[in-house]
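Next up: the structures, one after another.
Look at the two complexes coming up: subunit A is in both, with subunit B in one and subunit C in the other.
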Partner chain A sequence: MTPKFKVGDRVVVKDQTSLFHTRTQAFVRNQEGTVVEHRPDWVIPEDEAFDKLETGRKEPFYVVRFKQTDLWPRYTGFAVDTLETECAEGWLRPAGKNE
Partner chain B sequence: MTTADQARFQTLTDGLAKIAPAEHDVQDSPYTITNAQYDVLRHVLHDVGGQPALSVPYLEKGEEAWEMNTYVTCECLGWRGAWNSEMRRRAEVDLGETQYFGYPYYARWLTVAAKVMVDKGLIPLDELCDRIDQVRDRLQEERK
Partner chain C sequence: MSDPHKPIQASEEISEFEVLELALRELAIEKGLFSAEDHRRFSEWAESIGPSNGSKMVAKAWTDPEFKKRLLENGTEASKEVGIDWTDPTGTGTPSDYTFFYVLENTPQVHNVIVCTLCSCYPRPVLGMSPDWYRTPNYRRRMVRRPREVLAEFGLHFPSDVEVRVHDSNQKSRFMVMPMRPEGTDGWTEEQLEKIVTRDTMIGVALPSADWDASKAPSAGGGK
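This part shows the complex of A and B:
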């Protein structure tokens, strides 16, 4: 599967409704970050979590890097501090565009 | 990102803090709730962050035998096709916040391992409970 985003691309994590289970942390929703690594295609959590490891839909995954000061209103660390997390492609949209 | 997004996330985490172990809002199946309260109640727990927390003291702690036995049991259940890691995480979230926050980390694993075995029909619930009682009786006898 050809990844939609390149390393270095600015992306925003979608703020899709979550019910029952999610791998997309609440604190990265609607936050803008940078793609820093491609991860192998894998079954999306929405399928894997419901016993569809063999038959689930696969997507490219990305490591996305955020600035800690963007994520936490009360962050007291250094301005250069970052946080990285993994997202399936379906949870990302290009930065600077509305959904 | 924007101040509005930060404020919104702060509202969510502040709301979650109210139903975390330290403090409680009274919850007695109210006739109505606000949309904000619905967002809080619908919030999905996540095992790698995002929950409100107080500062945690750093303690040196080695892994105990029961913890590693739990880990191996869960891996074997995966190897034999009973579940995968994502199903385990979902099952932990399904416990609800009281048990999720109340159990030690590997007690959560152990509880949901039992749950998946019952869900998959690998052991009937009454047989599992009988075995738990047998083991408890045996251990109590041994410790006399």
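This part shows the complex of A and C:
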């Protein structure tokens, strides 16, 4: 699959349902970060959780880097600090655009 | 006053996950998928893996720039050079660990540290079982939110121009930190270097030091 985002793109993590299973943490939802690396396509956790390893939906994954001061309003560290986590493409939208 | 001779009450609490694991294991044994002895052997093997493979890789990378390049480019492939196959023994990896392995290089500007906020994801084929504290909600919650406070509790402090970069292994990747080679190790062999690359330095909660290899108890007061 051709990844929709490239390294350097600003993205926002969508606030989608976690009614069943997800690996997208609550603390990154609605937060803006930068794509820093691509990861191989993989069955998304929402399907993998139901053992659909063959038939589940595959998506590209991305490493997204956030500024800690963006994630936590009262962050106690320094402005240079960051956090990286991985998101499936379906959880991301381009920054600056609404759904 | 409490009675000093009263027996210690062990906690009888059992989590839902432990109940689930027991039930599944009993079913699998009953169905003949594996035997209780198979299960014991697997646990014994899995729990005997220590962090020495990770130490080997870091020491090799410190002394061999070509290996370092390969390690940073493709951790899974480079692991094979020190005898670790991430797909061993099941063909799809150590259960719950199969994945992509990435090595995070510390630099004078960036200090990396790993955590899994969702559970306890850890690069077990290279570092063995994770320490107990790594799996606690306390570490998992606080390392993402207050990393400098948690690092300070481990005795580690960085100035404001060093970026503390937390890696939450929430998906398919597993990470290991490659610390910087410390001072006082010029001319050391790979074998000497391996010893000071301790488990905690590859999690990112400590820095290697020429005078510490975790093989014997530290002197009182640490002597530093």
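The rule is short, and it goes like this: the second predicted complex is superposed on the first by the 98 of 99 C-alpha atoms of A that agree within 3 Å, B and C clash if a C-alpha of one lies under 4 Å from a C-alpha of the other, contacts with A are read in each partner's own complex, and residues count from 1 in each chain.
As a working rule, a contact is a pair of C-beta atoms (placed from the backbone, for glycine too) under 8 Å apart; a residue touches a chain by one contact, two chains touch by 3 or more.
Keep in mind the model is a prediction, meaning the values are calculated, not measured.
Student: Given the alignment on subunit A, is it a clash or a fit between subunit B and subunit C?
Tutor: Here subunit B and subunit C cannot both sit on subunit A without a clash.
Student: Scan A:G96 for contacts with subunit B and subunit C and give back first, second, both or neither.
Tutor: Once the two structures are laid over each other on A, A:G96 reaches no partner at all.
Student: If we overlay the two complexes on their shared chain A, which of subunit B and subunit C does A:T82 touch? Say first, second, both or neither.
Tutor: In the superposition, A:T82 touches subunit C alone.
Student: After superposition on the shared chain, which partner residues are touched by A:D70: those of subunit B (first), subunit C (second), both, or neither?
Tutor: A:D70 contacts subunit B only, not subunit C.
Student: By the touch definition at the top of the document, which applies to A:P45: first (subunit B), second (subunit C), both, or neither?
Tutor: A:P45 contacts both subunit B and subunit C.
Student: In the superposed arrangement, does A:G8 touch subunit B (first), subunit C (second), both or neither?
Tutor: A:G8: touches no partner chain.
Student: Is A:F61 contacted by the first partner subunit B, the second partner subunit C, both or neither?
Tutor: second
Student: Quick check for you: in the superposed arrangement, does A:L19 touch first (subunit B), second (subunit C), both or neither?
Tutor: So A:L19 only meets subunit B here.
Student: Given the touch rule stated above, what does A:F27 touch, subunit B (first), subunit C (second), both, or neither?
Tutor: In the superposed model, A:F27 contacts both subunit B and subunit C.
Student: Tell me which region of subunit C runs into subunit B after superposition, given the options 5-13, 23-31 or 77-85.
Tutor: Residues of subunit C that clash with subunit B lie in 23-31.
Student: From the superposed pair, tell me which subunit A residues show up as contacts to subunit B and also as contacts to subunit C.
Tutor: 23, 25, 27, 45, 71, 85
Student: Help me check something: in the complex, which residues belonging to subunit A touch subunit C?
Tutor: Residues in contact with subunit C: 23-25, 27, 39-40, 42, 45, 61, 63, 65, 68, 71-72, 75-88.
Student: Residue numbers of subunit C touching subunit A in their complex, please.
Tutor: 100, 117-118, 144-149, 160-168, 170-173
Student: If we count contacts the way the header does, which residues on subunit A are in touch with subunit B in the complex?
Tutor: Residues in contact with subunit B: 12, 18-23, 25-27, 29-32, 45, 48-51, 53, 70-71, 73, 85.
Student: If we count contacts the way the header does, which residues on subunit B are in touch with subunit A in the complex?
Tutor: 1-2, 5-10, 12-13, 42-44, 46, 48-50, 83-84, 86-87, 89-90, 93-94
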